[in-house]
Amino acid sequence: MFAEVFAELGGEVTAREAVNVGDTDMKPVLTSIATGAPEIIYFPIFEPEGNLIAAQSREVAGLETVILMGADGLFADTFPEATGSAAVGMYLSGPYVDVNDADYKAFLDKWADQIGGVPPSGFHAHAFDATNMLLNGIEAVAVVDADGTVHIGRQALRDYLYGLKDYNGLTGNLTCNENGDCATGEALGVFKLSEAEVNGSWPPPVFWQP
Amino acid sequence: MQSYRIRRINWTDLFMWVVGAALLALIVGGTYLTLQQGKFTAVQWFDLAVFGLAQGSVYALIALGYTLVYGILRMINFAHSEIFMSGAFIGYFAATGMQRAGFMQENPLLGIIIIFLTAMTTSAVLAILLERIAYRPLRGAPRLVPLITAIGASFFLQYTFRGLFGTQNRAYPEIDVIKGTVPLFGDFQIQKIQIIVIAAAAMMMAFLVLFVQYTKTGKAMRAVSEDKSVAALMGIDVDAIIVRTFILGASLAGAAGVLYCFMFRIVTFYMGFIPGIKAFTAAVLGGIGNPAGAMLGGLFLGIFESLGPTLFLDGLGVPAPYQLKDVIAFTMLVMVLIFRPTGILGERLSRAKA
Amino acid sequence: MSLLSIENIHTYYGNIHALKGISLTIEKGEIVTLIGGNGAGKTTTLRTISGLLKPREGAVRLNGEDLSKYKAHEIVYKGISMVPEGRGVFARLTVTENLEMGAYSLKDPKGISSNMERVFTLFPRLKERRTQVAGTLSGGEQQMLATGRALMANPSILLMDEPSMGLAPVLVELIFDTIQQINKEGTTVLLVEQNALMALGIASRGYVLQTGQIVLSDTAVNLKSNPTVQKAYLGVE
Amino acid sequence: MSTTQNTFDWRKTLQLGLIGGLVGVLIALVGMVDEFDKRDIVAGTLSMGWTLLLLTALITGYFAASMMPKGRGLPGIVSAVVASAIFAVVMSVLAWLVDRFDLRQVLVNASPNLVKILTFEQGVPNGLFMLIGAGAAVGLLGGVIHILPDRIRKAVALGLSMVALLGLLQEIIQVSLAGFEGVSKALEWMFGKGTEKGLSVAGAIVVFIVVAAGNLLWNTNAPKVNAQFNKLPQKSRRSLRWLGYGILFLVIIYLPAVLGLYLTEVVNSTGLFILMGLGLNIVVGFAGLLDLGYVAFYAIGAYTVGVLTNFSGELTWHFGWNFWLALPVAVSLAVLAGVVLGVPVLNMRGDYLAIVTLGFGEIIRILALSDFLKPSIGGSQGIVNIPPPQFLGVLINNPQTLYYVIVAGAILALFISQRLRDSRLGRSWKALREDEDVAQAMGINLVATKLLAFATGAAFSGLSGSILAVKLGTIYPHSFALLISINVLALIIVGGMGSIPGVFVGGLLLAGMPELLREFAEYRLLIYGALLVVMMQVRPEGFWPEATHKRELHEAEAVKPAEAEA
């Protein structure tokens, strides 16, 4: 998908590779990628393979200065620390929530209070919204029987969620479509990692936002 | 006791020869096509080979542990991969601790030595416990019994570490003295860490060979691996020698764990599994029970894995050939076992009856 | 007090009752032989003395000390060495290394080298082949090596299990001569043999074993002339 | 044995107490206490986390008592109390350390909650004294249990385990009984009130007494009942047996209706494991060929059905076959794969075989995952849209209908296993297991015998995989990890290698129970690992052993003391 859109927009895809979960030596893959002399490597994968790709890319001839970009799978506070200096300057796409939003601030305060620190990975706000929407839905459609059994109609719940409009969540004002997709386009951003994140600060500053 | 298998031409042998020939043709053809396309430069091949050598050195160190224990007990210590993991894991705590305290920055060399000692001690202690609790009561039991115990112990250790230390990825700190590259000639260069890994592994292997060949304990190990009861009649404390064998193998695995983490940095509870299987493959490739074979097998596998997928498959137009590297490694293992069941160097110890 | 005394030992292989109450004594300086057919329990007796097997009942005493609390390798330290059946040399170790293993219980390097000299004097052939791997030696040489190796530990008693097995008559003569010489130098010998004639020829006393029990014990001379023994073990009609 | 001392050996007691303590610390630090604390066995009184600790203390005490030369008297009890108290002291040191220092950077489960649990929520100094007191009390219990005569001890142990089992399964029992108005009302006293989990205190006591007393009574009367049964004439014995079969048949037919959706689902996944277990039992249990790549055939079965029946249209081929047409093809392909794998490993033994089969399993998984084969089998995205099959007009698309397919498969596999075991081939397998060289010398065709073992095993696994494909409707390479092979292996070992009923016992214990006890999920493999190690030491023949195998293993054990010296 990424490759097709990228090509449409005028980019040239020099190589597409795949790695297995559990692999540690990415050198051969990276070397093969290096033969195409790319300007950017995009790897929307997870930890720890992503860390290894980022770190080892700096050691492969021809990729020393290539731009690295990951996706939300690597958007976690452990990533820059575990990757080390190779992560400096790397781009990550990830969920974006306006930090100045009052509701979100309240959420972060509660998090710090109950769990401590800041949420370690990206989708906390989405998860929060989704869970709340689901819970609201259950509350709305649940029917209590005479003998105390609670029935939650599957179709009713689905109808409720698909029909949801103007839900005011942390990730913005959400309205679901007929496929059940409720996310707004504003919820994603691109972040850039710097020395600070490698040394343990989190989350990274937003580089690009919608 | 030597047993001769009568080689008749039968359909099973024929089948295997056909499969073997087809694979060989694939390898040769693929290599030719890849090289002909000339996509990769000499520097890139060189980098891959050196990287394979470093990786292979680590495999070799782990493989020695399998081979030593196999030589003496005739069992695959399946849990050896977890012994490797435990060394790397506890070494991580030493490393980050010293990094945070600023010790690593001031005395990097001493720090590195402490990391190694921590890892090797951890691995050795775990191996002693394993031998004492799980394996020793089973001497003389049918062969499947210790093997299954070892599989059980492997999972137990792996998930105990998961329970104790969590599931997150932890990473060794970056140690400045081992970063960077050493230029050779032209565009050729080697990373410092690879030199260190290869040199350290070579040193430890040399130590092991000298130890087994020339020390009293080493000779006793060889004696015990040949005949336990006769060894006991010589006044050799067989149990003590077995424990020492475990300690030796485990220390090498612990050191391998640290070297591995100097290269890849990431520590997880399941990190032992794949290198463990690879090292075992290496031990079998070289001829299990034979330390020299384990080293050769490790180096061979490391290079083969690093170069193989690209060399054999890229030219054939297989997408993402690198994904298939384990397929190549295991296929090679099966082929070696079929056509040369005793490994490259041959099983040095008399083949025990299964 | 006897050097070695065995008191009513019962040994089992799993559930098989192999020794059914064996008692025997060996005095210092003797050569004593155990004779008997296949499966009579000769080897089992030796394995019990050397600690490879533990008796379920009874005791093995060396100079009056009960050995049952010691493991096989500790019994070597007490002064009992064994030349196992089938020689049991370490095929992949060199001759020298085999001998060194025999002296595993000794700490003193000088003692070890003087013992090795003694073995080489007894068996000059071994000296020629000292760097050779034991697996490449002939049967007779292996027997020499096994015997020499057992002597390396300075044993007060040497247990020998079927030293003549599979050897040419000339070599058997040689081995038996050496046993006598070893004995003259002060080592007590307990010899298990199928070749009863040879064994009784050098022994001072003998025991006859049958299905795990001692059926006869006498001086070697008397045993040789005993009609039952003659018929069963010496092949005299 | 060699050393018997008549004095009180305090050193052994201390040692045992420390070992017990370390085990307890390990249990606590891997997070089991914390995690299992969420589940009550006796509502509001005893959680599963505590049960685990108390059990460790109890076993420590029991062993401490049995180690004393006169374990059945006062010294035994004293030793038990002391050992368990030491256990508790070690635990309190842990609690103190965790309370005092924040160790969570390293030991993720050294949490304040753990301290809370260990100190009965009483805070550090007071709670620790309570902990030590509790340890000593449990030790006393251990010592007393050791004194009891065998018969009573067994009854007590059974009673306690039934309490634990019923307590754990409370939710499931109550849910499945909900349909039977009368019964569920009558049993209300037994369980915790409202949202509480586990038994009520009264319920626990009653269950314990009923089970223990019942067991005692049964044990005293069982010989008589048996004798009575044997006295019956042949004909009525046979009809009684048929009656038994009839009842069993009815139970099997009506089970899904009683169990409801969720429990039937659990039974189904257990059934698939049992089906695989029956197959691996032939390979490992009958023929003694240790196969660690058994999951490969499961994958082949599932993928064949997936490729042949899916209608997603994203793959190169879409055949759109009927499941019943695809099923025999899937099983045949699995068999073919079994033979193809079998040929190269014909000459390999034990350890080599294990590693090569393991490699084979990984090869299949990696190939399934690879981009190379992605066009045909979906790569990491797997195959989706596998349609549910129809049988006589009934659409098999829910657990209750699928249940009958699985039961049918299991009965077929059971029947084939049993017939094979008693056949000429079965005896050849056994000979092969005992000694390959001797078997060959006896004229057994090794090639054919081994290949048939692989092929039959693969067939059952392929069948299981085919059913899995329609059960899930989608298949991913991740469903075919090495862990499945290990799981099946553990199952047949725990049940008893080579024992057909053992497969069912193992399946219920290792596949069924963990499904029900979701809290276990995290610790499943840890527990399996420990179980395998312990089983091999104390009961290598499994819980329901096959007769000859048991004899053989115990003979080996009898020889062991001698061999161990050697």
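Letters A, B, C and D mark the chains in the order given here, with residues in each chain numbered from 1 onward.
As a convention for this text, contacts are C-beta pairs under 8 Å (C-beta built on N, C-alpha and C of every residue); 3 or more make two chains touch, one makes a residue touch a chain.
Here the structure is a predicted model, which means the values were calculated and not measured.
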Worksheet, complete the sentence: When A-B and B-D are ranked by contacting C-beta pairs, first place goes to B-D
Fill in: Chain separated most widely from chain A, comparing mean CA positions
C
Discussion item. So the centre of each chain is just the mean of its C-alpha atoms; given that, what is the distance between chain C and chain D in Å?
Written reply: 52
Worksheet item: If you average the Cα atoms of chain A and of chain B to get two centres, how far apart are those centres in Å?
Response: 37
Worksheet item: Where the centres are mean C-alpha positions, what is the separation of chain A from chain C, in Å?
Response: 78
Worksheet, complete the sentence: When centres are defined as mean Cα positions, the distance from chain B to chain D in whole Å is 32
Item to complete: Mind pulling the residue numbers of chain A that touch at least two other chains?
Response: 18, 20
Discussion item. Where in chain D do residues touch two or more of the other chains?
Written reply: 366, 369-371, 559, 565-566
Item to complete: Can you tell me which residues of chain B touch two or more of the remaining chains?
Response: 229, 232, 319-321, 323, 326
Discussion item. Which residues of chain B touch chain C once you look at their complex with the stated criterion?
Written reply: 216, 219-220, 222-223, 226-227, 229-238, 348-350
Worksheet item: Which residues of chain D touch chain B in the complex?
Response: 26, 29-32, 106-109, 284, 288, 290, 292, 343-352, 354-356, 358-360, 362-363, 366-367, 369-372, 374, 436-437, 447, 486, 489-490, 493, 497, 522-523, 525-526, 528-533, 535-537, 540, 552-553, 556-557, 559-560, 563-566
Practice prompt. Could you please specify the touching residues of chain B with respect to chain D in the complex?
Written response: 3, 5, 10, 12, 15-16, 19, 70, 75-76, 93, 133-134, 137-149, 151-160, 162-166, 228-229, 232, 277, 280-281, 284, 318-321, 323-324, 326-327, 330-331, 333-334, 337-338, 341, 353-354
Worksheet entry | Residues of chain C defined as touching chain B within the complex | 50-52, 71-74, 76-77, 81-82, 84, 88, 90-93, 97, 100-102, 104-105, 149-150, 153
Response to the item:
Within the complex, chain B is touched by chain A residues 16-20, 22-25, 27-29, 31-32, 34-35, 47-48, 51-52, 55, 59-62, 78, 81-85
